[in-house]
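Should a chain be cited, it is by its letter among A, B, C and D, assigned in written order, with residues numbered from 1 in that chain.
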Amino acid sequence: MLDIKKYAPMGWNSWDCYGAGVTEETVRKNAEFMSKNLLKYGWEYIVVDIQWAGPEAKTHEYIPFQELTMDEYGRLLPAENRFPSAAGGKGFKELADYVHSLGLKFGIHIMRGIPRRAVNLNLPVFGTSYTAKEIAEPNNVCEWNPDMYGLNPKHEGAKAYYDSIFALYKSWGVDFIKLDDICREMPRLADELELISDSLHSCGRDMVFSISPGPAVLEYSEFYKKNADMWRITDDFWDKWELLYAMFERAEKWSIHTGAGNWPDADMLPIGPILQDYDKANRTKFTEDEQITMMSLWSIFRSPLMIGGEMTGFDDFTMKLITNKEILKMHKNARHAHQVWRRKEDGGEHILWAAANAEGGYYAALFNAGELESEICLMLSEMEIYSSDVRVTELWNNEIKGIDMIEGDPAVYLKLKPHGAAVLDLREL
Amino acid sequence: MLDIKKYAPMGWNSWDCYGAGVTEETVRKNAEFMSKNLLKYGWEYIVVDIQWAGPEAKTHEYIPFQELTMDEYGRLLPAENRFPSAAGGKGFKELADYVHSLGLKFGIHIMRGIPRRAVNLNLPVFGTSYTAKEIAEPNNVCEWNPDMYGLNPKHEGAKAYYDSIFALYKSWGVDFIKLDDICREMPRLADELELISDSLHSCGRDMVFSISPGPAVLEYSEFYKKNADMWRITDDFWDKWELLYAMFERAEKWSIHTGAGNWPDADMLPIGPILQDYDKANRTKFTEDEQITMMSLWSIFRSPLMIGGEMTGFDDFTMKLITNKEILKMHKNARHAHQVWRRKEDGGEHILWAAANAEGGYYAALFNAGELESEICLMLSEMEIYSSDVRVTELWNNEIKGIDMIEGDPAVYLKLKPHGAAVLDLREL
Amino acid sequence: MLDIKKYAPMGWNSWDCYGAGVTEETVRKNAEFMSKNLLKYGWEYIVVDIQWAGPEAKTHEYIPFQELTMDEYGRLLPAENRFPSAAGGKGFKELADYVHSLGLKFGIHIMRGIPRRAVNLNLPVFGTSYTAKEIAEPNNVCEWNPDMYGLNPKHEGAKAYYDSIFALYKSWGVDFIKLDDICREMPRLADELELISDSLHSCGRDMVFSISPGPAVLEYSEFYKKNADMWRITDDFWDKWELLYAMFERAEKWSIHTGAGNWPDADMLPIGPILQDYDKANRTKFTEDEQITMMSLWSIFRSPLMIGGEMTGFDDFTMKLITNKEILKMHKNARHAHQVWRRKEDGGEHILWAAANAEGGYYAALFNAGELESEICLMLSEMEIYSSDVRVTELWNNEIKGIDMIEGDPAVYLKLKPHGAAVLDLREL
Amino acid sequence: MLDIKKYAPMGWNSWDCYGAGVTEETVRKNAEFMSKNLLKYGWEYIVVDIQWAGPEAKTHEYIPFQELTMDEYGRLLPAENRFPSAAGGKGFKELADYVHSLGLKFGIHIMRGIPRRAVNLNLPVFGTSYTAKEIAEPNNVCEWNPDMYGLNPKHEGAKAYYDSIFALYKSWGVDFIKLDDICREMPRLADELELISDSLHSCGRDMVFSISPGPAVLEYSEFYKKNADMWRITDDFWDKWELLYAMFERAEKWSIHTGAGNWPDADMLPIGPILQDYDKANRTKFTEDEQITMMSLWSIFRSPLMIGGEMTGFDDFTMKLITNKEILKMHKNARHAHQVWRRKEDGGEHILWAAANAEGGYYAALFNAGELESEICLMLSEMEIYSSDVRVTELWNNEIKGIDMIEGDPAVYLKLKPHGAAVLDLREL
């Protein structure tokens, strides 16, 4: 069994920091950093995001109509000016090998469909007598990216094309596929998702299958479980409180669908230096409390954890945020996490998430989504713990919390800053 | 702390069997039966359902415009022809005392508002100088029951009226209030629900507060938690497969809101003899498999369990259904239950519900909602159990299940009849 | 053929001025005024609005739970303290006779259904062995008025009850019925409307059948045509510009359904002294320009024209507004009126309504719904008039307008004040 | 003033018969036929429909990804294999000249946007330093046609491109533009429509501006009036009764927006031989009665009249259908036409449309949309004609109808076949 079945993936993705313009140098630098500093905490995936085939790609905006690099079968290849090791049609093979040599895993982003440029040139589909014009649908295009035509899922050449790209990725040694322009398009693109899933899962190499963009459609939860490993529950997530605030409700809805290889995905963590293409000094706008809130929610919810910032520029706080062993253990050990209640009280907006601990205890994550510091009193009975002989540890501060008795019932008091959080480990003694 | 905070209520309600026409004799008979045969399994509430103040009430249809029995303050009293011990204005006092003497608890149904007859007579509101016409809203009426006018929640006489009825119920010794015509009417009647909740909770006696009818409004989950103990998630539930089938989805949606005194309510169990007023020989139309499915789902979901049939007519199967100690223990011990997946496979429609066991293990409830017998293979990894050193017990048959290995991973095989279910207790050794 | 088939009714209704508290004295006073001053211009209906059976009724608020005056068959009678000539159960007979003696016609408002008081007393239905409780539906009540229970349209006693009230109204000499709580309730109350329509139309006396309140449901246009003479296209209309502004769109939608006995109804004209019960000095808040706009739109659209103010207090302007012979002729002669265009230009918001004149010419009503005075240039070609040999008369000022030529095409220039209007009569010579 | 302001256009369009594959030979043949046989009745436009630039185009299906013929500025040119006179880049100049020499007018279909092929080749925009890639929007594509990219209406090069194509069409002598992929896309494409309208209206040649496809958005009626001459109120109309039946409701909604240069468009008339590319013997499936119904509705509603069939194959019935002088006079003379009522009676479903006659009389079109022959009795009062001294002529049979008196009121009786119609001219004597 792959670890992906047990644990939601942890890694790094180039988008938040480099947009469509990531380069080989940057990928290698971050892979080296992860291998040296983060691998021991469980971080292992290095994922190259969108438009790596575009020689002109630079920032978070897509360059329309550029001449994407392809092979003679219309399969995209890395732009050689950005990925020198791809020279001579070698694709991502050398880069993947290098990432593997560091003990890590290697992933790439792809768009559904076939390059429009392959259609304009009417290239043949590998291993078939079909051509690109026969399998492409001219009016089936992505709403926000200019590169591809969607395929006709009923045409057998479409399956052949997808088979051909996964064969290529297998030859490169790819471990993780982030497929874009499909997740939220249910039911319109359900047939195409099923086709791609079949193709990927029959290619002969285990790859994590991640689909974007969100928000995923709740009514399709079982369909996502059947066809993918992780699916985005939100549109692109950035360092804005409104988006983090909204994630509580998204996570609440999806919480019962998490676990055992099913990973609703709250998107990358925009921490440390981000948006490097626009402004070299740009850092996340989230406060430290907000970052703790984000990391606590993502971890108890067991979202995939994909770092979005340039890791070599991380400061101490950021490193502590992503290397807290107990929090990362919760990310593996939490079971059946869900939001227990949400209340306005004492000037704050308090939210309680609870989870069973796979070892017989409980986790409680407490959030203050309000604008004022305020006090939370957690009755242990709200966790359905009816003993007072309980050891309670706050995991961010590694601090044992005392038990107070309120009208004969055990309780824990906590003060939470605005947009702040605490995570408790509770064990009956 | 009341047990209601720890455990969802278990009891009997007169509606499924006697409709609006229940009598004292019937209530006493069922209370005696429960005390003797079921109390030791945790069944304890005896609840008299709707229109007990109506002298003419007979069946499941409401008699419109009948002269409901009231006191001089417009507070409904039991119709004396149906509840002889209420003679002389004694209300339910004697009946409640008798139920208590059997070791049980006593509940009644009420409609929100004030009797239209009290308004027609313009009776005074107890302890105030207001009259019924001042607090009633003539256009605020129930859509399906003819008895009451709703109250103006902004009028201070409305609070006084509700205070006066709960004072009366306290004097009778009532333990359980089933308030009707309010639960699904959010947000229209949110103010009136809050008013009634405040009134009940300040009356000086602990009473379980149950609200009807459903379906409750999911977006109001926190509001229900704040104001009530249990709330109906469905319109009236009867012995039809379509309704049982639909309950899986209702329960799925509400599962994260269950526990610690919050009890989303899947409604009464229409088992054994029901609808006695229409046909003396009428029995539930559910098959035995369907009844096991119902009891399994209600129990792992921790719905309140309210028996709807005439208990003195229960056969062996029905008695076993409601006295399975392990199933009833799950009803108390399950934590964080939710639907894990739902799949069409092997000719069936399979559904897996999982819960943590408060003692460190897990429960799995497996359902076949399809029309053909079929086989389920439960990979233990789907329960996020990664050891094969696990003891698995099926609770309806009290049978230890063997562990098979499938490609190196432990699994349990089960055959399920159409509309059938199995419940597993899983413990790592 | 009744005039009602040819012309939309013109008259006076007590609501805008006296609300639920109108008295016989007021009705007589206004009837006398109309007979003397307005009958010659075509104004002829005198209509007593809502809750005339209530002894306590006073203002625009309904008195709930008051003891409405009824006969022994549950048929409402005028409250004798407010309508002295009704003493001894004579109903509106004497008042109607008096109105007729002045050359006018007499109308009353009714609510659908039977008085709740008749149901509480369980009175018999005239000429049948049914009683009120048998035909009333306890949960079928008006949302905004407290007086009645709706009837079960499938019960033959319901038809008998409606027959009995129209027989009574026939005996009084009623010419006009304004039926309330039904018009906008399609399709929910379609059966009840059809039942009442049948009953009224078979009573043996011609009465105009007007239904309220609006907004009427556009998809039911043919149903209204079949069952009623006039139907309200708006909720209550008052002297607020926003409501007048919104009427352009309502009238636009309904314009093709006007004529030949079908009269979509834009509601009463709140002019002169209104709301007399609250403030003796209260007068319409509409400016003179707004009143001209209102009268122009209602007239070209051929809405029924029902005066809402206390006529004895009308000033010169108001009298001119309602006695402009050419405008009132347009109200009879316009054919196929509709909105031609609506444009923002020259700082104004201009609207053109056009109609054929039954005598072979055309009418144009030009409105400025904007906030600034501005100029309209009406190309005659926009009226589909292609000759320049046309006589154009503005009807409010009785002024011949010159024809300008713009690039060889004939045009008329007009300046319109904010919220102002002009009405043109165009005839080819 | 152009005739287009006075009269809705009448002509022929190649789509119904030849789809995307029309040829010069066919156009010339139909133009000659029209000139000789139909011009004297007012038919004058000859319009070449979609994909005339495609060398491979053949039928009603679009050929995706074919190499459309263009000039060096990305402006489409007729495919020379289909339009020989276009050889050498001459475009439609010779064909337009020929059509003009026959006394007719010449029109073409265009798609909004720029050819994808022009973008793939990144051609320059005429008279500017912009290129196709700069003005095209890669994700802004038609949902059903593969040829074009939409333009960025905010880019000044977009206006320059549209200016360049209308300059070309002016040089060819085009009189009529049918712009596609825009009409129903309000408000999404409102900016692009406004841009194209400005460009066309400033090109220095009068061309009728027709926009497709429908259904047009009713709330945008004033916007259409401002920017176009005619707009489609329906998706493609074909020879199916369901589509004709539905047109009554579409026409009813749009009727008040017709006239004075505003022509809501019910689409082509699929009469005579149609769909010639599929089946040489294919003829319209409409019955003769249905064709009379269609022609009657289109004419009183004053829809543009565009013949869809191959005219050289018209039989006597078809010729009579389109050369009835009185019906075609109504198409010019009707004013303020609208649906008066729609009733189920006498086994039929009867519909009355009425219009004023610009000369002082009235038109009535009577339809039987039901499945059985049935009788209509038209009371003249329903036309708001109150004299019985009226001459009534049925225009399809040129027959004077007698006046019957019903209860003192004048009436005309007609028998209508299923799906049949009659048109009356009514004049007071």
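In this text, a residue touches a chain if its C-beta (ideal position, glycine included) is under 8 Å from a C-beta of that chain, and two chains touch if they have at least 3 such contacts.
Quick caveat: nothing in here was measured; it's all calculated off a predicted structure.
Enquirer: Looking at CA centres, what chain is most distant from chain A?
Expert: Between chain A and the rest, the longest centre separation is with C.
Enquirer: Which of the two pairs, B-C or A-B, is linked by more C-beta contacts?
Expert: A-B
Enquirer: Counting in whole Å, what is the centre-to-centre distance of chain B and chain D, each centre being its mean C-alpha position?
Expert: 64
Enquirer: Between chain B and chain C, tell me the centre distance in angstrom, where each centre is the average of that chain's C-alpha atoms.
Expert: For chain B versus chain C, the centre distance works out to 53 Å.
Enquirer: How many angstrom lie between the centres of chain A and chain B, each centre taken as the mean Cα position?
Expert: Computed value for the inter-centroid distance: 41 Å.
Enquirer: Any chance you could list the residues of chain B touching two or more other chains?
Expert: none
Enquirer: Please list each pair of chains that are touching.
Expert: Contacting pairs: A-B, A-D, B-C, C-D.
Enquirer: Write out the stretch or stretches of chain D touching chain C in their complex.
Expert: 1, 5-6, 222, 225-226, 252, 255-256, 259-261, 335-343, 354-356, 358, 360, 381-384, 386, 408-409
Enquirer: Okay, in this complex, where on chain B does chain C touch?
Expert: My answer: residues 64-65, 116, 119-120, 122, 133, 136-139, 141-146.
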